[in-house]
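So the structure is just underneath, and the comments pick up after that.
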Amino acid sequence: MSEYIHVLIMLVLAAATAGGMLVATSLIGPKKSFIDKMEPFECGESPIVSPKLRFSVKFYLVALFFVIFDIEAVYAYPWAVLFKELGLFGFIEMMIFLTILAIGLIYVWRRGALEWDR
Amino acid sequence: MQLLMFYLLGLGAVVAALIMVTNKRPVRAAMSLIATMSFLAGLYVLLDAHLIAALQLIVYAGAIMVLFLFVIMLLNIEEKEGRLAGSALLWQMIAIAVVGLVFVLMVSVVKLSDNVVPLGEAAALFGTTRAVGKMLFTEYLLPFEIASVLLLAAIVGAVILAKRRIDDSDQ
Amino acid sequence: MVSLNSYLILGAMLFSIGAVGVFTQRNALIIYMCIELMLNAVNLTLVAFSRFLNNLDGHVFVFMIMTVAAAEAAVGLSIIISLFRNKPTVNVDDINLSKG
Amino acid sequence: MEQVMSTINLSAIYPEIILTCFSLLILLMQSFSTPRFKEYYGYVSLVGVLAALAFVVMEPSSFFAQTVVYSFNDMWVVDNYARFFKLIFLLGTGLTILISMKYLEDEAMQYGEYFALILFATIGMMIMASAGELITLFLGLELMSLSLYVLAGYTRVRMVSNEAALKYFILGSFATGFLLYGIALIYGSTGTTSIRAVAASVGKYGLYSPGLVMGMAMLVVAFGFKAALVPFHMWTPDVYEGAPAPITAFMSAGPKAAAFAAFARVFMEGLPALQMEWTWLIWIMAALTMTIGNVIALVQDNIKRMLAYSSIAHAGYVLVAFLAAGELGISSVLYYLLTYTFMNIGAFAIITALSGRGEPRVFVRDYQGLGFQHPFAAVAMSLFLFSLAGIPPTGGFMGKFYIFSAAVKEGYIGLAVIGVVNSVVSVYYYLRVTVAMYMEEPSSVREAEAAAPIFSPALVIAIFISAYGVLSLGLFPSSYVAIVKQSFLALQ
Amino acid sequence: MWFLGFVLLLLKTAIVLTILLGLAAYLILVERKLLGRFQIRFGPNRAGPFGIWQPIADGIKMILKEDTIPQGADRVVFKYAPAVVATVAILIAAVIPFSRDAILWGYDIPMVISDLNVGLLYVLALSSLSVYGVALGGWASNSKYSLLGGIRGAAQMVSYELPLGLSLVPVVMLAGSFSLVDIVNAQACYPFVVVQPIAFVIFLIAAVAESKRLPFDLPEAENELNAGYHTEFSGMRFALYFIGEYVHMMVLGALVAVFFLGGWRGPWLPPVVWLVLKALMVPFFLIWTRATLPRLRYDQLMHFGWKLLIPIALLNILATGAVMLWLRG
């Protein structure tokens, strides 16, 4: 429990430095805002299309695979810590787990979900 | 010291949860859910559940909520502050009443069950990776293997539903 | 020391807030976020029980619940996206096509 | 380096391992597929189901000797009860695969994922049937539900299908939240998640902590949702109507039986001491489920919605037997679920054949004059409808007979009476379809031609198997009853 | 006595923080000087001899600038997104052990801010939290270029976090614990890079991608997205993103040192100097690649991450496990 207090103090200090800089700028910095300056940067022209445009679903698929394979990595960590105690038996266990998810990766790869056509 | 931390974290979690539930804007709701999960990670630390606290941050706050954020950005749902439809309002009144009842029941039950559990100092390696990992890989071997099949089913299901063009890749 | 009951009450509170959210929200995404909140409340209750019973079954169970929550989030959001492709709305009211 | 060996008994999970290997094989075939492979997925998955079936009934000696095998630290129980349920699941899956081959060809969605997900759902059901521990049970339930959420929304071009999947998903995960809270409370009160240990600690200490009762109530909510019992049946009609026809057949048979399997094991084996608490609760749910299921089914014109409400009613009948928890009660539950699988999937086989591409023809009026154009389909459909209604020569009648005699023997006369009244009411809406088929003329002859049902060989086989099952359960029930009696004893 | 411990801790944290920020600030100068040298020109040398006061000049300039918030932007998220990136980068430094346990006035002071027994998971959790700074920053500034840059930046960081995590699994297998102090102690006889070259290479590449440095520079690809997700940020908020990036580079250098190069272990020099030296090797490598390698296309970037790094990392885990079991006999 005590180790986490150190992390908490580090968090407070880090947030203080970042916040302090922001506060310093808002106090010291000038505040002249007029319409043209406030428009989002469009290399000069004024924005016509509303900025919320639709994206291809590939970005969603990347995040999706990240979630599933992140869980796989999360299972691999405690196994790695106990690798020496679990020995051959634990190794076989983990290999079954990894092969099943490797088949998932192969399926995703061959199914073309990882293709970026641009 | 622990009591102060508990009340701080608990209050933070409840307030963030309330913000999320009553929020109409999905991004704000997602951010308050991330805040709730981080407060819960703090609570797990209070409960000496070190591995679970770290996993809560990695899995929930770091992976699932990124997926939510991607969907919100991808679908760019503009926040309509629409008034609730008439029937929906009635429906929600019933819902709040029902859930209020469930909550009162739960709290009353929880209040009564404190004789069951002794209060004790945690064992030395209580919540650490080594202890939880040993149980996971020796005693709970079967759920561990079922989890891999579950993840595979999730991936197959998610791809077949979300991928834009399914058929072009076979030919 | 913080007693078990305070943790259980906090867990019950979060669970109920989640359940209220599921009924009152109109956006499918936020409804699923409320369900995630309910699962987190259950995780908290389990960790609290595990700590006060001094056995680790609760921790392994929370580990499994996280896996299932991630798998369900993946599938659920894919369903929402495949639905969004047919009709650009996430609002639960306009999705109720078939009658009650 | 001490080596902790949990009691690994691989032979106990052979059927599940085989199904996993076959679904992995299908996924790999799909990954490295050539256009030719389109037809093979169905057959490969069928071989997988048959192989698993072979392993389930591999040692009949252990079946009759009622050997109960506990393995994986008391997490996996292979007893006659679990073996019988695995038979029901594999039967349901096999019939669904037979039905869906042609259906997918028409919908032009012949992908391996469909069959892989069906196999994953079956693995989930089998895990639920033989889970001896609440965590394994939860994972099995989630694996089944996950695959079904995707399968319900499989025909993603149809908005109805997407909407069905979303509704099923949201309500499903809401029920999972309650299931988990229930399990957490039981774990908190008894200190363990293994069902036998829970029974021991509840029995030994006479633990009457409200936490346990609250946990049990939460479990009733969760299982009520999965088995579509009345207060939690809202999702059933929309999801059954939206999902593709073979998946509706699959959903109405397998998962419902799996929900009852888990329900019975947790409550009979885990919480017998709390008998007093859950009897009155289930009594009300049984009565409500039967009546509401039948009453609303009367007014449905969409045949899939009608069968959805009828499946709710049938869940009510099974709940009656579940309540009469004696030896006769549980064996009648098993018997009824077997007959229900046969007759329901048979009926949906005909609906799949008739519904056509995009399922336009799913209304009762589309069945007008079917008796003359396609006598084979009409006869088969009437047989299944008679069995659903519980008319004597069919298995449905024997099932209901067993259930109500068990209920009467255990003293639930009132419930038995409600049951009989309801089955009488149900005769009306089942026979309405038969009347439409034989007595009424099709609204327009031209439209009748367009409605030619598509009978692929696999579909015909499925219909014959279901018809044989319904008739044999009806005419010579003694052999089945003997097997069912054996399966019950395991629970004691 | 309790109060003394607290003050000591506060002091230790403050020292680590100032050193880290100082090194990061001067890293900007070093980078501009080195880039100059690579292109046979002088880097900044106007502000003081060899441009020593350049970072301080930049700092003051940034504070004096106005940080505008574009109209239609989500004000709350816009204000705090860069702060998230900077805070998370600094926080990772809390678990890095920078020297042997020192004995001061009879107290045994561990030369690490907090020796968590889940140290490595803590590092991975924080690196996955920094994705929010990028994604929310892009989303909140209400312009389609920054939105696209934010999404691409987040997708890139997300898909390179997997090889980062998986490449550390063999290190944990060898060390048998998550705590970074134990990992450094486990490297007493030989640094892990000797035994795990593949994991070292994968970790380095994933680190370059995580810090969005040049070969993987897509989110800020100047020509396509005019500065990507931090287009709309100006003044100190823009500087915070930069501070976050350079502190992240320093911290990644320290992590590489701890995981693969034996942390503060070294023959002659005092331990802290060894750690800083080893930690500076990675930023030098990053600056070097920035000066030489061209930028990858986005599909090459994704292809490289998913179809090359992850399979190799998985095979590496398999191989390490097999070899360790075989050696154990």
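A, B, C, D and E label the chains in the order they appear, each numbered from 1.
Following the convention adopted for this analysis, contacts are C-beta pairs under 8 Å (C-beta built on N, C-alpha and C of every residue); 3 or more make two chains touch, one makes a residue touch a chain.
The model shown is predicted, which means the values in this text are computed figures rather than measured ones.
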item: Joint neighbours of subunit E and subunit A, given as chain labels; value: B
item: Fewest hops from subunit A to subunit D - one hop per pair of touching chains; value: 1
item: Reference subunit C; chain at largest CA-centroid distance; value: E
item: A-C against C-D, pair bridged by the larger set of C-beta contacts; value: C-D
item: Maximum centroid distance from subunit D, chain identifier (CA atoms); value: E
item: Chain centre separation in whole Å, for subunit E relative to subunit B (CA means); value: 29
item: Euclidean distance of C-alpha centroids - subunit B vs subunit D, Å; value: 30
item: Computed distance of Cα centres, subunit B from subunit A, in Å; value: 18
item: Subunit B and subunit C: spacing of chain centres that average the CA atoms, whole Å; value: 5
item: Multi-chain contact sites of subunit E, meaning residues that touch two or more partners; value: 116-117, 121-122, 128, 147, 151, 154-155, 158, 177-178
item: Junction residues of subunit B - those touching two or more other chains; value: 2, 46, 48, 51, 55, 58-59, 62-64, 66-67, 70-71, 73-74, 106, 110, 113, 117, 129-130, 132, 134, 136, 138-141, 143, 147, 149-159, 161-162, 164
item: Multi-chain contact sites of subunit A, meaning residues that touch two or more partners; value: 4, 52-53, 55, 57, 59-60, 63-68, 70-71, 74-75, 77, 81, 84-85, 87, 100, 103-104, 107, 109-111
item: Which pairs of chains touch, using the document's own definition; value: A-B, A-C, A-D, A-E, B-C, B-D, B-E, C-D
item: Subunit B residues touching subunit D - in the complex, by the definition given at the top; value: 105-106, 108-110, 112-113, 115-117, 134, 138-143, 146-147, 149-150, 152-154, 156-161, 166-167, 170-171
item: Footprint of subunit B on subunit D - complex, ascending; value: 4-6, 8, 13, 20, 24, 27, 33, 35, 38, 72-73, 75-76, 108-109, 111, 113, 116-117, 120, 123, 127, 135-136, 139-140, 142-143, 146-147, 149-150, 153-154, 156, 165, 185, 188-189, 207, 209-211, 213-214
item: Of all residues in subunit C, those that touch subunit A in their complex; value: 66-67, 70-71, 73-74, 77-78, 81
item: In the complex, subunit E residues that touch subunit A; value: 9-10, 13-14, 16-17, 21, 62-72, 79, 82-83, 86-87, 90-91, 93-95, 113-117, 120-122, 128, 141-148, 151-152, 154-155, 158-159, 161-162, 165-166, 169-170, 172-173, 176-178, 226, 231-232, 235-237, 239-240, 297-299, 302-303, 306-307, 310-311, 314, 317-318, 321-322, 324-325, 328
item: Subunit A-touching residues of subunit B, taken from the complex the two chains share; value: 2, 45-46, 48, 51, 55, 58-59, 62-64, 66-67, 70-71, 73-74, 76, 78, 129-130, 132-134, 136-138, 141, 144-145, 147-149, 151-152, 154-156, 158-159, 162-164, 168-169
